[in-house]
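There's a structure below that I have some questions on.
Labels for the chains are A, B, C and D, by order of writing; each one numbers its residues from 1.
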Amino acid sequence: MILYFKRAFQDIRTNRFLNAVTIIIMSLSVLIVSTLLLFFLNTNDYMNSWKKGIKIIAYLKPDIEETNIVDIKNKIHVLYGVAEAKFMSKEEAMGRLREQMKRQSSLLDGLKENPLPDAFEIRLTEQFPNSERIENLAVQIESFPEIDDVEYGRKWIGRFVKLFDLFRLTGYAMSSIFFMAAVFIVANTIRLVIYSRREEIEIMRLVGATDQFIKTPFYIEAVIQGALGGIIGLAALFAAYMYISTNVEYGLSFDLLNVRFLSLRLSGTIILCSMFVGWLGCFIALRQFLKE
Amino acid sequence: MILYFKRAFQDIRTNRFLNAVTIIIMSLSVLIVSTLLLFFLNTNDYMNSWKKGIKIIAYLKPDIEETNIVDIKNKIHVLYGVAEAKFMSKEEAMGRLREQMKRQSSLLDGLKENPLPDAFEIRLTEQFPNSERIENLAVQIESFPEIDDVEYGRKWIGRFVKLFDLFRLTGYAMSSIFFMAAVFIVANTIRLVIYSRREEIEIMRLVGATDQFIKTPFYIEAVIQGALGGIIGLAALFAAYMYISTNVEYGLSFDLLNVRFLSLRLSGTIILCSMFVGWLGCFIALRQFLKE
Amino acid sequence: MIDENDKSATIRMFHVHKNYGSKQALININLDVSKNEFLFITGPSGAGKSTLLKLLYLGEPVSEGQILIDGMNLSRISRKRIPLLRRKLGIIFQDYKLIPTRTVFDNVALVLEAMGKKRQFIQKKVNSVLRMVGMEKRFNAMPQSLSGGEQQRIAVARAVIGMPKIILADEPTGSLDTESASAVFDLLKEFHTRGATLLVATHDQELIRKTGRKAIYLKEGRQTK
Amino acid sequence: MIDENDKSATIRMFHVHKNYGSKQALININLDVSKNEFLFITGPSGAGKSTLLKLLYLGEPVSEGQILIDGMNLSRISRKRIPLLRRKLGIIFQDYKLIPTRTVFDNVALVLEAMGKKRQFIQKKVNSVLRMVGMEKRFNAMPQSLSGGEQQRIAVARAVIGMPKIILADEPTGSLDTESASAVFDLLKEFHTRGATLLVATHDQELIRKTGRKAIYLKEGRQTK
């Protein structure tokens, strides 16, 4: 095994050009995939922060006693998907309406009595947004005897959730296209490299080397290249990320601080993937050139 | 020249493996870049359709004669950035308010007289959204003697436009990263291919071939490969696009019909770029291996 | 028909034909090479000398007929066991087949590494073999930086380092001057006296005459003598 | 010191040294080869024969000294004009240097294509030259599918097809049997009678003796005769 590693390192030294090119192409592929990942992860974050804004308003029947309110609250709270249920008295509701109406709020001045009902404002858990599930939840709450009516931006949520789904779908589609493209690029690059070393492989076979003896250093090399490619690709992305986030943040005064980099765990996964793809490319190429 | 083309085609035939790999890698690179382009173009479209929703409401002073309205409308219409100015009488405004308030609309029943003003609803041209420009326009309109007040979602627009800017910026950043990555991948692939043919180059030089004689077929090959890579990459993207749009549309019942493919002109540009990148990779590689 | 247990002959060829497409490179070759024989294969350019050797190391499959080496039937050898066959053979290729990206030392050491020998043993052995072919000073050179004859001597060193039972040599002294050639031949003869079987392909009648060994003569793929 | 107008000699080497790193491959070589001379360069393996030829076709630069060919000073030739020099030369390389991905025909035709000759002319010429080396039937073969001697004959064909003024031949018959070798030698002699200058590197003293031509002898980079 040590011998194999030694031979692999020796190969890397003697085939510097081939190794450099392979590592460059691997880095670029990793850069592409991880850039896309970074983009969709952050967009996802951003959309999640929007999702937190989705609320269900449950209006209480007018004759509910104040002592019951805590009970109702608890009943709502235990429902699946509910993050928080906040009581909002009719006075609060009127205040908000005034605010919302702005210049038309003078309209409300003519009222003698507050005709608005008491209500619960229900925030949903983050994983929840899905129009059917929200609808189910709304129906459930509406079936409580104390609840008069339930309101939620059915149309708006529907549209939003669909946009979100579309975006996610696009994200999946693009990620898989890009991932596959990267895998093919790397695998083909390794095929090219091994093609240009096929004479060497042939000679080794002729002097009695077993397939395993020939293959192992290639695999070791490819996995090392994959690791280096992954690390360099991620480093390049990180550099770009740092550059953009320090230079752009001020200009936009937009909350770019919220833009986060790939987690360590995800970075590790990417590097492992890159190593695996190196191995895979090697596997395909060696099958091709050893069979000949 | 004909001889050169003949030699190039002959080379392509004899080096089928190398050519196939080059074309595959080029196609994948084109696929990556054009997928990203497609994504950002359509997101841009979508955002533009949102931008159309941005409106300025200009409230008229209560004592404006009906005959003046056409004049005012024309005055607003000629302002830079205005796409349409629609008159909305106070009765219409009340109707809308009722609709918007939904279950609280009973509040409005107690009113004897409609206290709302007449107004113009002003739609902006597509290119316009930019928070400062909208503000300028609003100030301009407000300065008209017939106008009492101007309303537009200052905060909302600001946020929206910034999100939009951020998105566009990300689009530019990603596009340039991906484009550069694709260029480097292709250039390095061609370097690899020419590396594995360096013996041939060396022999040709030894028997008295000029550099031009050696280079020209390589350039022709690279440009042909670029063209094929571009065409195949775009075709793959188109296939993916057709597949996704026919299979997903029904499931989502979302307006995917609005998702458009890259224009012919853009596709042409991509293919030209791909050809140029082929040429460039060849240029770099030949410089390297002819100097040696 | 074929007695696989007849160990008196190391190499046996029965009615062997080899076609490359429509080109008949070998036609009905029958050959018995007994253990420790020293046999020349001769004939003009393109006669099939290298092809004959190629069939023996399974560089190409036969088109017809059977070959036995040390009792192994070559057409029944599985892919996995080909390396075991080749380790019994020491092959000097006509075009040397040195790995261009490895040093002289590594090229020669390769054979022993593939056999899984110890590092120190390899080091010693390679040095001694390089000394035998007069290339001990160039152990660190790359093959392209060697002269034609020097490359050939490295090829010879690589062929003999594994102490093969059978040496297949294709024009082993074609690029060598008389002096170096006889040094190489002395080396081959030494292995012969130690018990190895030698098959040497050459177009050089002079060499055969001088050595006074048995030779078979090929012409356009046919065995004529 | 150097009279560039002295056209009596086609090739002149003045105090030429060639070092590869610390290795001295050629030491103080002085040589006058006059027009239409037929000169052998001989010496043992590694003596510097190939290196001497390499300097003449600018495969390597000299380390010291000057070389004139046809009045051109090789150290003053610009990169762009190297092809013009090489077209005056027909070179047979020791390792043939055939392009492995091209057919025999294309390998030989290459020289004329590079000169910008017409297609029909090339076709005719290649066929006739292949016939001279006895390879006319194999025009469509790939170099790897040829025997060693066949490859060498293709290399000879390629070297002479451009009607060069000077032919540099490095072991041109090393892989050939006596018969093919004399066919090739007859071909080279024919070019010699047509006025070409011949420089042939070989380790084969026999050949030189038989031909009865002038030879210079190298040993460890030094000219000894």
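Structural remarks
As a working rule, contacts are C-beta pairs under 8 Å (C-beta built on N, C-alpha and C of every residue); 3 or more make two chains touch, one makes a residue touch a chain.
What you are looking at is a predicted structure, and each value in this text was computed from that prediction instead of being measured.
With steps allowed only between chains in touch, the distance from chain C over to chain D comes to 1. Taking the CA centroid of chain A as reference, the farthest chain centroid is that of D.
Inter-chain centre distance (chain B to chain C, centres taken as mean C-alpha positions): 66 Å. If you average the Cα atoms of chain A and of chain B, the two centres end up 23 Å apart. Chain D has its Cα centroid 62 Å from the Cα centroid of chain B.
Listed for chain C are no residues, as none touches two or more other chains. Multi-chain contact residues of chain A, defined as those touching 2 or more other chains: none present. Because contacts link each chain to exactly two others and close back on themselves, their graph is best described as a ring.
Contact between chains, per the stated criterion, is found for A-B, A-C, B-D, C-D. If you check the complex, the residues on chain C that touch chain D are 20, 43-47, 49-51, 94-95, 145-150, 152-153, 170-171, 174-180, 203, 205-206.
The touching residues of chain D, when paired with chain B in their complex, are 57, 59, 80, 82-84, 86-87, 89, 91, 93, 97-102, 106, 110-111, 113-115, 119, 158, 162.
For chain A in complex with chain B, the residues that touch the partner chain are 17-18, 21, 24-25, 28-29, 31-32, 35-36, 39, 59, 97, 102-104, 106-108, 110-111, 115-116, 149, 151, 162-163, 165-166, 169-170, 173-174, 177-178, 181, 184-185, 188-189, 191-193, 195-196, 240, 244, 248, 252, 254, 256.
Listing the residues of chain B that touch chain D in their complex gives 3, 7, 10, 14-15, 197, 199-200, 203-211, 213.
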